[in-house]
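Chain naming follows the written order as A, B, C and D, and within any one chain the residues start at number 1.
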C-alpha cells in the first residue's frame, strides 16, 4: 500500500518534494496539494494527478490524505502542524517548526496530549551520509571527546529578500540543529560577532556573521555564516576532539589539470549539495510513518533550534553573549 | 502502471537487483523469479510476493512478466536473451551478453530481425555520475582530444573461483566498455602484459595483469587489473588530452587526523562503489522500457566487449599484440 | 667576506641556529657564543671553532662579532637588544622582543636615537613560501578584500612548563604577527574564549583556547590555539575574502593506500614544519646586514605583537573583549 | 676550507649550478669556468670572480680547481670525464654520462684503473625528499614487494630542438634512473609504444611516448613521457606493491576557492620542480668530495641508464620489445 501524502505549499521546495515523492521515493504518492496561490496548486495537481484543495485545513482533513508535508510560508507552519495533530495525522514540517518559541511549546503540548509522536521537522542534514559517518566517528571515540567545532555555511549570493535575522533563522538554523545532533547535548550560551561587511551583500546586510555557541559541557563552536561567499555553496565542518579531528570532505568532483592549474568544481547552488539527504529523509519518513514510529527530528528539536536562534538574534542586537534557556525536556521526547 | 519484471537468477547480484527494484526503483515491481536452485528462487519469491517459475523460459513467456532481467550464470545469458527477443520482451542482461562472439552475433541478428532494440547489457558504469561528467569534459574540448588513458581496476582479494581469463572477462570487461563509451570509438589492437605475480593471489594466477588497448585513432590505453591489491576496491581513470587531463576523484570520505596521520577510508568491496550507478541504471531502464525506447548499452556493445576480451586473452596466451577485429557495425545500432 | 655572528643562548633553538649558520647559510660564520650555562657555551664554541664569552655584553662588544643573534631566556632579550643598539650592531632577536610593552618602547626609542634600523625580530613564518604566496594572492585581489580569518595552531603535546599565558605569548604570538603581516593592518580588539578542557593537558591548563581578534577595518579572526591536539603539529590558515578564499595547503607528504585507508603523514614536531622558513629568514638577514638595510620584522612589529598578547591575556582574565591600544606608529617604522 | 670547483659549460644549467654553488651551497666556491662560447664564460667568470679557461682540459688541469662540474653539450661529457679521472679529480657530470655505451664502459675502466670512485652522474631526483621517502616506504615493507610502477613525465611544451630520441635520452632518462634506484634492480626488457600524436607537438614528433620496462624480477613499469602536456610540468609516480601502494604527492600549493572552483597551481617549468633536489645533490656532493668518499649515482648508474635508453630507442624503431643487456656489474660498483 502506498502512503497517500498531502503537500501544503507548492512553491520551490514544495514542488521539489512532490517530484521526489513521485519519482524517487518508493511506497508513497502525492494525492493532494494546496497553496495560497490556487493557480500553482492546480497546476501541480494536474501534473501529478493529485487533488487540489482550497485550504491546508481541507487537505489535512481529507480522507485521501494519510500524512502531510508542510512546505508553505514559515509563519503558517505552526497552525498547520497543530491541525495535523488534531486530525491525528503524521506531519513532516519544513524548518522552522514555528517562528516563535511559544508556538513550538504549543505544538509539543498538543502532541503530548495526543500521546504519540506525529511531528517531524525537516532538518535533512541528519540524513547526509557524511554527517552520519561523522557522528559514528565521534561515538567510536577515535578522536576522543569533542572540544571544538569549526563550521562554515557559505552561499554564493543571497536572495533579494534576505535579512539579518534570516542568516540565523534560515541558514544558521541547519548548523544549530546538526551540531546539537552530532554532539548530543544542548547549548548553554550564544553570541553573534559582526565585523567588516561584504560589499557584494545588499546595503545594510550584516554579512558575514560569526555565530558562537557553547554547549552545556563547554564545547566551543564557531560558525561562519556567509551569504555572499561569491564562489559557491560550501558547507564545512570540523570537530576537534581530545586526540584527533574529523572533517567533512568536499563533495567529490572530477579532477582537471589544465592551464597550469589543478581544479575541481564546487557546487554553486544549495539544491545540489543535499540531494541525497533529502531523498533519504523522505524515504525514511515514509517508511517510518508506515511503521507508525517516527525516528527523525522531533518537535523538541524544532523548539531547541528556535530558542537558540532567538538567543543568537538577541546577542547580535545586544552585542553580548546571552544564555540559551530551554524548558526542561519532557520525557516524552527522550 | 508499474512495470512487471521477471528476474532470472536469484543469487548475489540477482537478489540485490530484486531488492533494488522493490525498494529503490519507482514504477516497477518484481512479479516473477527463477533460479537453477529452486529453493533460493522460492525463498526470494516468498519474500517479495512474486511467482517462482521452474525455468527461465517459463518466466519469459509468462503474461505476468513485462520485461526480464538476467542475472544467471554467464553461459546461460545468450539463450535467455534469445528467448526474450522471441517473446518480444525487453531484457536487461548482466554482463557478459554471451560467452562467445558467435552468440553475440546471433543475438544481434535476432534483434535486427525483430526490428527493434529489445536488449540492454548491464554495463552500469555508464550510469556513474563521475564517468558521465568525464564524458562531458572530454566532449567540451577542455582537455583537447584524448591521447592516452591510465586506468586501474583493483579488488582487495579475489574470489576462490577466479581464473586468469576472468581478470579480463569479469573485471577488465567493465574497463573495456566504459573506455569505448568515453572515447566513442572502437579498439584496433589488444595486448596483455604479465610479470611478477602477487604472492597473495592463488597459485598459478597471473595477477596483476596489464591490459593494453589501442583505439582506431591511436589512443593508447593502459589498464592495471589487480585482483589482489590487498587494500581495497579502487577504480581509477585518467584521460590525458592534448591540453590537459581529467581524472576520476576518489569517492569522498571523512577526513580524519589522528596519530600523526591524515586519513580517509577506501571502499573494500565492489558493491560499495557503484551503488548509485546500479540505481540509476535500473531506474533509467525501467523508464526507457515504459517509453518503449532503450538508451543503454546495446547488443553491439556487448559484442564489441566480447571480441575485445577474446583478443586480450589470445594476446596473453601468445605474448604478442593482436588485432581487435569487429564486423562492420550495422546501421541498426547507430 | 663572511659575516661574523655572535650567538647569545646556546640551548635548543640557539644550537639549531648555530648549525644553520654554519652548514646551511652562505656568507656567514659563527665566531662567538655565550650562554648562562658556561659549559654548554664552551661545548658549542669548541664544536664550531668559535670563541666562548662569559657574558652577552662581552660578546656584543667583541671586535670579532659583526652582528648578534639572541636566543636566550625571554626576560633577557630586551637588555641584550639595547646593548646591541648601543654598540651599533645588527641584532636578530628571537621572539618575543621583550616581555613588557615598556621595554619594547625603550628599544624603539634607542633605535630611533641611533637613527637607523638595527633590530629584527625572529618571526620566521613571514619567510614561509606558502604564507608569502598567500600574501600575493590577497594583494592580487583574486579573493577580494579579506573579511575573515580562520586559523589553527596545534601542537601534539605541550611541554611540562607550559602555562596558560604561554598559549598566547609563545604559540599564539606567531599567529598574531603573521596575520598582521598578511592583512597589513593593526588589531582593534582582542578576546579569549575558553571552554571544555582537554583531559590530556596538564591539570589547570586552559587548553584549547580560542583567540578572537578584530582588525581596525573589522576583519574578524578566530584562532584555535591547541597545545594538546594529540595527533600532530598542524598549522592551518584560511583567509575568506569578498569573492573567494585562500588556504594554506597541508605540507606535502607521500600518499599511501593500505588496509582500507588512504593516508599521508602529518608532522608531529614544530621543528619539522618551518625548516625552510628558518633557513630563508637567516639567509635573508645575513644578506640584508651585509647590505646594511634590514627588511624583516622590526621592533615595531615586536611591540605590536607584545601589546596584542597583553590584551588577549587580560581578556582571558576578565572574560570580555578588550581594546588593543598601540601608540601612534613612528614614521621611522614605515 | 672551501672546495674550489671548476664548471665546464656556462649555459642555462651550468649558470644555475654556479649560482647555486655560490649562493646556496656551503663549503664550496666556483674558482674556474669555461665554455665553448668564450664570451659567456668570461661573463660568468667576471660575475662570480672566477678564472675563465680557454678549454675544459685547461680547467681540469688547473691547480685552482679541486673538483669539476660538467654541464656542457652532451657529446662532450665522456671526454671531460676521462680527463678528470686522468687528473685524479672528482667530477660531477650532468646526465648523460656519455652518449654511447662504449664511452660509459671506457669511463668505468679508467675509474677502476685509477682505483677509486671519482665520477658522479647528475641524477638529482635521488635527492628529492619525496622519492627518498618513497624508497623508505618500499624498504619498510608497508606496501609489500613492488609489482608495478605507473609513472608520468610531463612537460608543458617541448623546446624547438626536441627529437624523438630526446624523449628517452633527456626526459625518460630521469625515470629510468630513479626507478632502478627505487626498486634496487636492473631492467630485463624495454619497449616503446606510440600512438596518436599531439597536434601541439612539432610535426613528425612522436609525442607522447609510452615507455614499458620490465625488471629482472618481473616488476612491470609503464612511463608516460609527454613533452606537450599543455598544462604544466608534472611528475607522477605510483608504486603498486603486494598489499598497498605509495604515490608521490603533488607539490603543495595554496588552495584557492573562487568562481565555482577549488584550485591549486601546478608548476609550469621543470626548473621549479626539483630546486631542493638540486640543492641537496650539490651540497651532498661537496660534503662527500671533502670526505673523499662519493655516495651519489656512479658511472655504473650512468652506464645502466645509457644501455636502457638505447634499448628503448631500438624498440621504438623496431616496434617490438627488446632485451636490456648489461655487462656483469664489477664489484667495484657494489
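Convention: a residue touches a chain if its C-beta (ideal position, glycine included) is under 8 Å from a C-beta of that chain, and two chains touch if they have at least 3 such contacts.
Model, not experiment: these values are computed from the prediction.
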item	value
Minimal step count in the chain contact network, subunit B to subunit C	1
Chain whose average C-alpha position is farthest from subunit C's own	B
Interface with more contacting C-beta pairs, comparing B-D to C-D	B-D
Chain centre separation (subunit A, subunit D; CA means) in Å	58
Intercentroid distance (Cα basis), subunit D paired with subunit C, Å	39
Geometric centre distance via CA averages, subunit D-subunit B, whole Å	44
Subunit B residues counted as touching two or more neighbouring chains	229-231, 243-245, 250, 257-259, 264
Footprint of subunit A on subunit C - complex, ascending	144-145, 147-148, 150, 152, 193-200, 208, 210, 212, 214, 217-220, 222, 224, 226, 228-231, 240-245
Of subunit C, residues touching subunit D in the complex	22-26, 130, 133-134, 137, 142-143, 243-259, 264
Subunit D-touching residues of subunit A, taken from the complex the two chains share	156, 229-232, 234, 250, 257-266, 268
